[in-house]
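Two complexes come next, and they have one chain in common, chain A, joined by chain B in the first and chain C in the second.
Entry: the complex of A and B
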């Protein structure tokens, strides 16, 4: 039981939930409001994280500047994806987004000179030296830790991630309450009707995609800082589907459903490691790791049956035609 | 009136789907301030032509001129901004948005609908939103949906949706309204009301109407000119009385008399 009581462990769970909140918030803007099926959200995490790490290690940039450029690169990635593919029908677009995220991951895997390849960011610099990109982050984090009077870097990270997540949630919430957000919802409901009312639907979809990509990029930066090291394997399509699960758990079209979904997801995901009693002990520990996916899958199946709109979603919005 | 150039000019428009020539060289004009009926049997090409005028379909050849300018290569949203707004046979209200939002969405040049406008001109955006709100409430009263302002549009009946659609079109202050079967699925009482709305809008706001409708009685009563289409071509173009007794029209609808 020691780990259950450990503040550090739960702080870690909270940090991961915060990162997922930012990642899934991007999907909420894209799908929950603009109706875009994006199954490649993880690509924007990868683009931002790699851009930041490469610029810091190879070019010696300031980490903050490199991070800003990482977010910009993710946004540009979203724009390029949209410009080439948004005219496709929704289901074809969804397929292209998966392909896009896999292309990004494969490039990261194979362009060893640029990304360090399968060895990850540790191989970014010269041979024989272990590269790291987060020296500046560590000193920033300990500065915050000192200022807050904390004695744990986990707790400090928790505060930083959730501070940023809450600011982004608030900005998104405000942004989507504007007439601009209203146009997005109209496009989600009936794109052709929105066009017949004089709305340049392509431009709006592109904006939603790019903003969601920027949010994905921010999530990628925090992912990189939290783990101090990453490799292409960290950006498997599974991560995108975790974000989708959070979206379905919380509910579509509701900004504040995202942190709720992410919180529940985080607890279930971390909580399965405490299933160290029969019948779970019949499986090996690595087998048990997969139990979390099965349990989350079950929760979603039950949710779809009992509460298809998600926890905070509005059921009437699902049945109206 | 004849001397001035027409508001809308459809000139030799062709559109094929695979081997089918849905619209096959159709030409006609719509005079400013008129109510023009577009009739013809099923498959005559009326709906395709409508979609071409509204910009959601591109013609293979031919031209569409609106107030003297070519619009046939413009995307639908730019045709709408130029002043041509269409309705659909089954009113396409935004079901998961409130009735009021359905009207607010139809605002021209709203700075708050652009990210740049929101950030750089927040006061202008807010002022525009206030004006839009006033106009939306006035139009809701006009079509007597004000009691439903905050209900989801998806909860409205078919007839109410048609009224909402009409009100939404009016929000855009169009000069030409394309109505696609406005009477389909509408109760007799509501038909009278819709007709009155259309006549009043022409009279008070000088809106021009082009109406596709299968209810010939309605067309004959409402329209000053009737364009008859058959097999993708314009068969005849005249006043309701000229069209009513024309043998070619009867033949197109009923087949050749033996």
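Entry: the complex of A and C
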């Protein structure tokens, strides 16, 4: 049990919760405020992370410029997805988003010359060299560590991720209190009524999709920086489902419910590693990994069944239809 | 051939098991959701959670190692210039028989008409004196058994399979259903054929040099995207969800 007492471990859980907060915040904008059922959110993480890593390793760009372009690429990805599929019926749209994220992962896996293929970012550079995209991030992180007077890079990362997450939460919260945010909610509740009032509902939905995509992109950058390496396998549809669980746990249509859901998710996901008593000891470590995902699936199903508005959601404002 | 006989028994047992599972899931999950008048968003999310549970349970019970059925992959049948493996012959013949049988069942029998009436308008069917509960149970039994059979056939054709192979099948299935139009059985058939043809033709070198075969799934979705821009409800779908 010694790892439970280790600050580094809990800092890691906190960092993961912070990254998922940003990822799920994107879903909250798209679904909680615009009613768009997006099951391909992980694709925007992948697009931003790969754009950043490729520009740094292959083109020698400054990492910050490459990161900005990564977010821009994720946003453009959201716009392209929306332009081609937002006019579809909602159930078709949901299916197309899963397909979109799988195609992104498929291209990342197979276009080895561009992405390094299944070997991941380590194979981005020339043959025989192990490529690195986060040298600039490491020096930035140690600079922050020094300025804060910290002695652990885990704690520093925790502060950076949550600082950014809180700024993004605040900006989203403020943005949704503007007339723009009110139109978005009107479209979610009754699209025809909003259209009858002269609102271009397509443009609003497209903006919400692109904004959520940008947030997904930022989550992807932090994912890349936290783990210093990634491959197409890191962007399985499972990550999107985790983000949905966070959204459902926290509550629909509530910006500040997202970090609560992400916190619970982090504890469930990391905490279930310590189920080392019967009956869990009957299974090996593989078995316990499967059990952990069964628990996550159960939480999703039970929430849909008994509390479709989420823990903090307001039943009168929004229930999962 | 004793091997084939025992496989037939095993396949039937598998179909009974999936049919029973479908009925159990209706009672614990779908029925309560119907009672709450849950819309498709709830159904979509619940089914994604359920898929996660079932797949991980399968991994827990059976492990992640690939398995294969005891068929000889090198035995080839030649039917008028077309070379087919034993597994392909079994799969194509079974699928053809089942498709015709289901079509006849839906079109000609009373139970088939009851099911179609219920799909059209559940409330109206109930008012007309149809036992909606029993018909729903029957629908789950049939679809559960057919899904189980499809799993066995897909395992035969793919030769090797593991608990994740259902997810790999999901995208082509989605693409076929969306192209054909959700809710249309014949649409799914036409959509599946059209996408399969488009995928294979795209790799032919006479066709603009041919696409790299690894991108066949991407070709399927490109076709789907273009088709949906022209006809957003799918080839045979209705313009609005009922």
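What we mean here is this: the second predicted complex is superposed on the first by the 310 of 321 C-alpha atoms of A that agree within 3 Å, B and C clash if a C-alpha of one lies under 4 Å from a C-alpha of the other, contacts with A are read in each partner's own complex, and residues count from 1 in each chain.
The rule we apply is simple: a residue touches a chain if its C-beta (ideal position, glycine included) is under 8 Å from a C-beta of that chain, and two chains touch if they have at least 3 such contacts.
From a predicted model like this one, the values you see are computed outputs, not experimental measurements.
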Report clash or fit for the pair chain B and chain C bound to chain A in the combined superposed model. fit
Go through the superposed model and pick first if A:183 touches only chain B, second if only chain C, both, or neither. first
With the two structures laid over each other on chain A, which partner does A:297 touch: chain B (first), chain C (second), both, or neither? second
A:198 in the overlay: touching chain B, chain C, both, or neither? Say first, second, both or neither. first
Go through the superposed model and pick first if A:308 touches only chain B, second if only chain C, both, or neither. second
For A:63 in the superposed arrangement: first (chain B), second (chain C), both or neither? neither
Looking at A:168, would you say it contacts chain B, chain C, both, or neither? Reply first, second, both or neither. neither
Per residue count on chain A, the busier partner among chain B and chain C is C
Now for A:264: first (chain B), second (chain C), both, or neither, which partner does it touch? neither
With the superposition applied, I'd like the minimum CA-CA separation between chain B and chain C in Å. 11
Show me the chain A residues, by the header's touch rule, that chain B contacts in one structure and chain C contacts in the other. 320-321
Per the touch rule, the chain C residues reaching chain A in their complex are 29, 32-33, 36, 38-42, 44-46, 48-53, 56-57, 59-60, 63-64, 167, 171, 174-175, 178, 182, 212, 214-215, 217-218, 221, 224-225, 228-229, 232-234, 240-241
With touch defined as at the start, can you tell me which chain B residues reach chain A in the complex? 54, 56, 75-78, 80-81, 85-86, 88, 92-97, 101, 104-108, 110, 112-115, 118, 125, 129, 152-155, 168, 172
Give every residue of chain A touching chain B within the complex, in rising order. 175, 178-180, 182-183, 185-186, 188-190, 192-201, 207, 316-317, 320-321
Listed in rising order, chain A residues that touch chain C in their complex are 37, 39, 84-85, 87-92, 94-96, 98-99, 102-103, 106-107, 110, 237-238, 241, 244-245, 248, 283, 286-287, 290-291, 293-294, 296-301, 304-305, 308, 320-321
